[in-house]
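Each of the next two complexes has chain A plus one more chain, namely chain B in the first and chain C in the second.
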Partner chain A sequence: MLDVILFGAFPYVAVVLFVGVSIQRYRREPFTYSSLSTQFLESRNLFWGSVPFHVGVLVLFFGHLLGFMFPRQVMLWNAMPARLFILEVSALICGILTIVGLVGLILRRARSARLRVNTSVNDILVYIALLCSIITGLWVALSLRWGSAWYTHTIVPYLQSLIVMQPDIQRVAELPLAARLHIISAFALFSLFSFTRLVHIIVAPVPYLWRPTQLVIWNRDRKTTSGA
Partner chain B sequence: MDVRSQISMVFHLDKCIGCHTCSVACKNVWTDRRGAEYMWWNNVETKPGTGYPTKWEDQEKYKGGFEKKNGGVDLRAVGRIRGAATVFHNPSLPIIDDYYEPFTYTYEDLINAPEGADQPVAKPISMITGEPMKIEAGPNWDDDLGGSPIYAANDPNLDALSSEERTALFEVQRLVFFYLPRICNHCANPACVASCPSGALYKRGEDGIVLLNQERCRGWRFCVTACPYKKTYFNWGTGKSEKCILCYPRLESGQAPACFHSCVGRIRYLGNLLYDADQIVDAINRPDHELVEAQRDMILDPFDPAVIAAARANGLAPDVIEAAQRSPVYKFVKLWSLALPLHAEHRTLPMLFYVPPLLPMMASVGDGIYDTSIDQFLGTIDSYRLPLKYMASLFGAGNEAPVRHALRKQLATRMYRRQVTTDDLEEANVRLALSETDTTAEQAEAIYRLTSLAPFDERFVIPPMHREEAIEMLGDTADAKGLTGLGFREGPQRGA
Partner chain C sequence: MELRVLIAGLLIALPVVSLAAEDGTPHPSTDVFVTKCSSCHSVGEGDRVGPDLKGVTERRKPDWLATMIKAPSRLLDSDPEVRALLAKYNNVRMPDLGLDDEQVAGLIDLVAHCSEHACQLTPELRPVTEAVELDAAHGRALFLGTAMFTNGGPSCISCHTVSGTGAMIGGGTLAKDITNVFARLGDDGLDAALRNPSFPLMNKVFGDHPLSAEEAFALRAYLYDANRGKHQGAGVYQLSVPMASLIGAIAVLILLNTAWSRRLRGVRRELVRHGGRPS
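Up next, the complex of A and B:
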């Protein structure tokens, strides 16, 4: 029964919260969408936390996403043991970068009086959720090696079954504890997402790369009004 | 010709007494909030000095503004590529300590302290942490050259001087300073707007005011780095950037901005300019020494029938054009070439102009005695106590010519007025001074009047903002006929 709740129902709750609340918040409270940077209050230690964390977590996120979208190609890549080894070691290095960065960020926040007064309950929740995901992820990487090989016939079919609304719980219910915890913490992160500063991910400034340099906004149609 | 109207400002530095009334007026209206305590959208600096935030003019450190590179002009630090590379940690972002840690005092201790042998004192506490703190910096810490060996001596503009000139400047008998009030320049080519990854910053088409949409800002802080004047600020509480809004709600109701309205020395002038937006690209690509002139060339003559026709074709209302014709800014900047942009070398085309201070100019010192026995009335510009090179670093983008002209024209005006009132100068000298600066007697009279006598309505010519037409951005007003109202309102509901 617990498995059904955790692996059959919880993922849907997480996705509904992730999508629904994010959109609703964007429409109703656009002012609250911010990266909530604290570099202004403390800059030096931030570098050693923020940069490794973001680099690591971005590579891991897109690695997970690509693995889910192209399992066949990943299997082909892994056909040679040397390449499998390179993939796994790279992923592990990113995992270590992420945890080092995150622990650095947490220590930085805990040590600075200026940052402590500027820390909300939400900030702490984000740290806990991220820590859970990363620690369980590293646990999987270290205890259940070659995840980039075995995930194709466990996690990928499970996620696909979720998408077609027929959760195949058996695919994951019998995985070792580390893997199951990693999955649950990932969905927990998704459900927290839209209530926290994590929303800055979905407003990442990608259009900056191609938008016009200057922005001039006219209140009225300058060619037609004010003429007479 | 793409004619636009820009609300523009002139600060007449000879008249600034450094009282900070403008700063306090602004603080009380706009930045007396958590996260914004440290912000001074309007501040007054002593020059020479390091200013606020400390050494804001040092672009080696803060990397603000545009620079010429690869045959074009790009942001110095947070352009598309460099910005993306530093988005997780921006090495050229000023932090709170570059400004100062905001503080207050435990005033309640003065009243609530238990009876004791000593007088109770109000201890300084941080407005960030609430903890007791030692105050070591403030927004005008180097006011009137306080601590000048540390502050004034490190003014980046002094790099233009030789070491002898620098030493001479800080001899006690020669010490000299003036005040530099600063607000957002509402640039024609704003670096903050160019740098904003979220597109939250924008320039208002109708009046050129640069604003920051709080609902679109995501706190990436590129604007703080990009502004070479450090006039966008990061609110550490809300996680959003903020800046001077030129009191647009006041302007829209025909009132001067708070800092202008409260100015004790009456140094501030406000009015609109018509300028040709098509010339922006050309102007910002000129070499440094041509920048001041290129910006002046952009400004159009509001009496020229061709300009008026182009302005009307561009949707500018007749009364806006008429306001431009009465604009004191137009006179100071274009007609008289008296007012110059601050640090034009950053290529943002700042639309706040400064009349460089003529005083204190006399009194060279020999044997510790002030020598005022000069042949020529008020001496010459080259014996100026603040070297012209220094003023050129501030107001000429390194070029002395426009600064020299502005100072000599002011001098000619003073000589003319001296002759009118006391008639003790050689008439030939006065005429020579006037003709050398292309000043007619009528013009000298007009400069004198606008500088010294101008009442409120001549100093502030606020063009009508036509906000009544802004409703049309929400939709056709005819469509809303018979409904509950216009704008963002929701329908009336019973109960609840």
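Up next, the complex of A and C:
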């Protein structure tokens, strides 16, 4: 029964919250679509947290997504043990980068009085959900070897069954605890998404990556002011 | 109510079905037994993953048997005798097989019939002793995934390990180490486990992608060799995923620091330093 709730019903609740509340929040409170970044001012302090975390989590997210979209191609790639090894090591490298970055960010927040004041309950929930996702992901990678190979025949068909509204929960209910917790924590992240700072993902200024260079021209005498 | 109907149906069906099987033709439920039960059970040929069922219809009541066949999950946690059996047979839980009442009644009759008469309840099998070196080599390729299964099933290495695969990496750890599976299941049992697996997850995964008889034969040949320790010592040196990943992660961090930490810093530093001051 618990499996039916967690793997048959919870995913739909998560998706409804993800889509519904995201749209509603964007319409009602468009200016809250932010993660209140201080990156501009604290680039150096944030570097060991924010950069590894975002690099790791983006590669992992798109890796999971590509595996879901092209399971056959992943299987063909994994047909040689050396390639399987390269894929798994690459994924685990990103997992390590993500946990290093997240722990760095949490420590930074815990140490700074200014940040503690600006930390909401939702921020803490996001940290807990992210930590659960990453720790269970690392647990899967280390204890249930060749996840990229069995993912395509267990979790991918399960996700496909969710899309066609006929949840085949047995595919995941029989998986070991680490994998089940990883799946549940992923849906928990989806549920929290629209209530928290995670919404910044869908308004990320991606065009910044290819926008033209901006020139900063100082409208003052720099020698005088810098010596003041 | 359902149980009463089942038992009534069973009593009516028993003489009819048994009579039908008397003339040497296979019992009508033979196909169901072969596809759903034979990977774990035999009738009179000894234990496999689960117990030999010979004589079980005399030892157990029909309604208990019917429940055990139709919905073992109802008894596996509650019935102390079943729990003892579970412990005896390596805690491999019998899955709910999705059988209807008619199939369950037929299976009970088949077990009763085959406890008295010899029955052919496993598919005709090419024994592994006929295998040559090439078969085992093909089996190894199927195990590693370098040869694909014709029906698109995942390679064995995804979930299982065999010591001494000869590859630079170890096998999967999602499911059991199958180095000595041949000793546990035997030739018949292994063939059934490969072609009609009763392990719940494997059954799901290979349900849509069954192995052919030839592929199962090649894998049996490889696992037969593995069980005899033929590959021991091969591929002893294995690359470690955690170690390689740790080194890789440190390298990426250094790379990021070199490539990114100076990004736009010149402009930013100026802006931050003069932020808030009248220029």
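Everything below uses one rule, namely that the second predicted complex is superposed on the first by the 199 of 228 C-alpha atoms of A that agree within 3 Å, B and C clash if a C-alpha of one lies under 4 Å from a C-alpha of the other, contacts with A are read in each partner's own complex, and residues count from 1 in each chain.
To be clear about the criterion, a residue touches a chain if its C-beta (ideal position, glycine included) is under 8 Å from a C-beta of that chain, and two chains touch if they have at least 3 such contacts.
Keep in mind that this is a model prediction, so the values were computed, not measured.
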Which of chain B and chain C A:S161 touches, first, second, both or neither: neither
Touching partner for A:V51 - first (chain B), second (chain C), both, neither: both
Touching partner for A:S133 - first (chain B), second (chain C), both, neither: neither
Partner chain(s) touched by A:H200 [first = chain B, second = chain C, both, neither]: first
First (chain B), second (chain C), both or neither touched by A:S191: neither
Which superposed partner A:S22 touches (first chain B, second chain C, both, neither): neither
Contact residues common to both interfaces of chain A (with chain B and with chain C): 40-41, 43, 47, 51, 55, 216, 218-220, 222, 225-226
Interfacial residue positions of chain B with respect to chain A in the complex: 80, 83-84, 87-91, 93, 95-96, 128-131, 189-190, 193-194, 196-199, 201-206, 214-221, 234, 236-240, 312, 314-317, 466-467, 469-470, 472-473
Complex interface listing, chain A residues touching chain B: 30-31, 33-43, 46-47, 50-51, 54-55, 113-114, 116-118, 197, 200, 203, 205, 207-209, 211, 213-227
Footprint of chain C on chain A - complex, ascending: 40-41, 43-44, 47, 51-52, 55, 72, 75, 78-82, 84-85, 88-90, 92-93, 95-97, 100, 141-147, 149-150, 152-154, 168, 170-171, 174-176, 216, 218-220, 222, 225-226, 228
Chain C to chain A touching residues, read off their complex: 144-146, 148, 152-155, 157-159, 167-174, 200-201, 204-205, 209, 239, 241-242, 244-246, 248-249, 252-253, 256-257, 260-261, 264-265, 267-268, 270-275, 277, 279
